[in-house]
């Protein structure tokens, strides 16, 4: 015989614990970010107080200095372009590739898949020098090709393996059913597979885009004054012997905002449900 | 399994081409150059030393130390990320969707912050005089115990914590996507049969997440192993070389000390270690379906 | 269905081609500026970003007005600078005309053929300008920039570590500004007992090594013996490492992870009564907008044993070998290092130029109270070794100093270890 009161109490306790856990994690997660935003609003003198102050005179000085001195409009456009193209390429090429490796019989599928993973293991400095030389040879240094190529290459292995995992999780009957109904392989891809791995696609998209948006080394070394991106702009405020905390925090906050907006948007697709009901049993 | 060799080729080729050009050719280059002794920019005056660099690596106490440090860091950071990431993803699934979406958006924010700033802000937070971490610890009287970035063992731990902060969102997002694929009906059926939350977790969630988790472990594990930015920003390899990861050591050798050949060797050895540690997992992840 | 597939693929290939098209546009631009006949000459200079760069960018507009040559400043993150310069100079990309390089990079750059010798340019008055006055440059620096008998870069922007103390805080604690090792240790200990201490850049890195070598040389120690061979395990050197170890025990909390930046901040916000900082940061200390201690600070050379000694570090302008406009590039370098422009920059930024006539310029001294301290530090000063294997030595010393500071390792043992590992590199 279950006692309703005990059960209710237990439920209440569990809910309380859940809320505490969620709240603590929230604090942990956005704490440092709030610190960045607070710092961007402080005057130089208020930034390094002991103990840290939370009440101070607000100033937008850092933002205006960062925007004006920092060529920010151009960096923003460049970043958007590189992030968009490289994430589209990663997810596009990667999904096609994943589908082929899983659903179409390819002779060396497992070898190719592991090739991608091997690619991922290559450290950045090993990639940088030959890539620089290659781009120099064909005269594409200083253009967007460098960062886009590097970012796409870095994201591809992860996208491919992730989507492969998602596709494999789909029941085999689905495709078989589609083929029986007269679809070609590509039709099955677009109409059945893609909608069902949408959470995976969305996750890959946002992760690839944010990686590219924040990447520094390739975006700095393979480009020139006209093609620098936002992270390059931020790094300018971090000096060798002195950091401009105010301006770099302002620059970082500005850089965060577009990604936050896009992130909220994509969350919808990640949380979206799935196969439920498509196939019985 | 459909047989469409030409279509397959067409679909695979672009991705393979990108990876070959941007990653595998450089890898080959790195392999070849690790057999030489040269400075960056002076490749034409490189001296061929064959495997001497590799022998040197195996006898270099600092290289071995950096290997151990890298392994320790990876183990620590990876386990914490997985625990937090998967744990929170599961927790988010169990609350109303609207809240889950809002919280989820906040939880993924660390990913959106530029790594440069992540380094800076954590360095600031860990500062004993100006930082928030010591300040909060002083409320509990723990500030004299905590070694922060000052003491050798503690430094690696502190850097790992900062890294976990930065990378947990990745695990959380992927795990959430994976969880989204588990039909809610399964949980309902289990509940009707009298299962409690823990049972659902162990018997339904985790097994079905296995594939996704395996991918995450491989991706994040290899990333953690090659960690560079956060260590560079926080400690630069110190104190007392206690946070000198393999990638930092390679960078030092290649760009500070002009020994590019040896730096390439360290990179190749890093990859070798990665293959040894992660290959079994990779085979498992791929072999799982057919 | 087939249409949508092909549609997407066409879109993707279009996207792939976009960067290439945008390249065409910039390539056309480059082609235009590449020729100096008729169309405007454009120079690109490579240096690190920061307030100094901003000040310099403002000053550059004058050059454009005077000569009609357009200058674009590629100021980037300091930590990526050498890599980017090296990649471009070795790949002969022509991306840079002038490069701003540190003295320790010059031997490498010259031996790899990245820079053009400047002697002929210097003699050309139409490029150097009438008031150029080469002898006015600090002869020590010119000597360092002269490799194999040829001058490769014009020196400017000098940096040296300094001891900085807060006169008010010291007075309150009843202490006198220290000069020697013993005095410094005593003062730091007294302050440490009160909860503060001396602010040191004791993070594992080059700041500590820069300070250490100055102090070692003030004790007649050094890296090498008379024949130029590595000789670290000497009494003076051991004493210096021991002094460093002792100083760290009375340092401010957090010092073992501080670089110059953090030390400066500690001074700036009146947390540190005394500290070892660097001249380039002193501007921030005296800026009333940012600093709580403007006007309250005193500046001196680093603590010394026998006589004061300083570590010198400076940046110079070199003309890239692959520059398309070497003459114009040199002209810009000469203009930037001319007496009037250097004075402008010093007034604006507080920088220390390589021009001797400016050290005693009354206008500058009034603006930059740390100048006398710098002059004291530079009386006897030297750079870190310029040997090609020097970086290895620097990194090894940085690790050794950190081990001594943090792990309490024995100074003699640490020096012996470094000596053993690196002796062969300095034969």
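To keep things simple, chains are lettered A, B and C as they appear, and every chain counts its residues starting from 1.
FYI, contacts are C-beta pairs under 8 Å (C-beta built on N, C-alpha and C of every residue); 3 or more make two chains touch, one makes a residue touch a chain.
All of these numbers come straight from a predicted model, not from anything done at the bench.
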Pair of chains joined by more contacts [C-beta pairs], A-B or B-C: A-B
Longest centre-to-centre distance from chain B, chain (CA-based): C
Interchain centroid distance [CA atoms averaged], chain A/chain C, Å: 36
Approximate Å spacing (C-alpha centroids) for the pair chain B, chain C: 34
Separation of chain A from chain B, taking each centre as the mean of its C-alpha atoms, in whole Å: 15
Residue numbers of chain A (touch at least two other chains): 48-50, 89, 93, 128-129, 186, 216, 235, 238, 243
Numbers and ranges of chain C residues touching at least 2 other chains: 79, 83, 87, 265, 271
Residues within chain B bordering two or more other chains: 40, 129-130, 255
Interfacial residue positions of chain B with respect to chain C in the complex: 39-43, 123, 126-130, 148-152, 232, 235-241, 252, 255-259
Touch list for chain A against partner chain C, complex: 44-45, 48-50, 69, 85, 88-89, 92-93, 128-129, 132-133, 136, 139-145, 148, 184, 186-187, 190-191, 216-217, 220-221, 224-227, 232, 235-244
Chain C residues touching chain B - in the complex, by the definition given at the top: 79, 82-83, 86-87, 89-90, 108, 111-112, 114, 203-205, 252-254, 256-257, 262, 265-266, 271, 388-389, 391-392, 394-395, 398-399, 402-403, 405-407, 409
Residues on chain A engaged by chain B in the complex (per definition of touch): 14, 18, 21-22, 25-26, 28-33, 35-36, 48-52, 89, 93-94, 96-97, 99-107, 110, 112-131, 134, 149-150, 152-154, 156-158, 160-162, 165-166, 168-169, 175, 179, 185-186, 188, 199-200, 202-203, 206-207, 210, 213-214, 216, 230-231, 234-235, 238, 243, 245, 248-249, 252, 255-256, 259-260, 263-264, 267-268, 270-276
Footprint of chain A on chain B - complex, ascending: 1-5, 7-8, 11-12, 14-16, 18-19, 21-27, 29-30, 40, 84, 88, 91, 94-95, 97, 100-101, 103-118, 120-122, 124-125, 129-132, 135, 165, 168-170, 173-174, 176-178, 180-181, 183-185, 197, 211-212, 214-215, 218-219, 222, 226, 228-229, 247, 250-251, 254-255, 263-264, 267, 270-271, 274-275, 282, 285-289
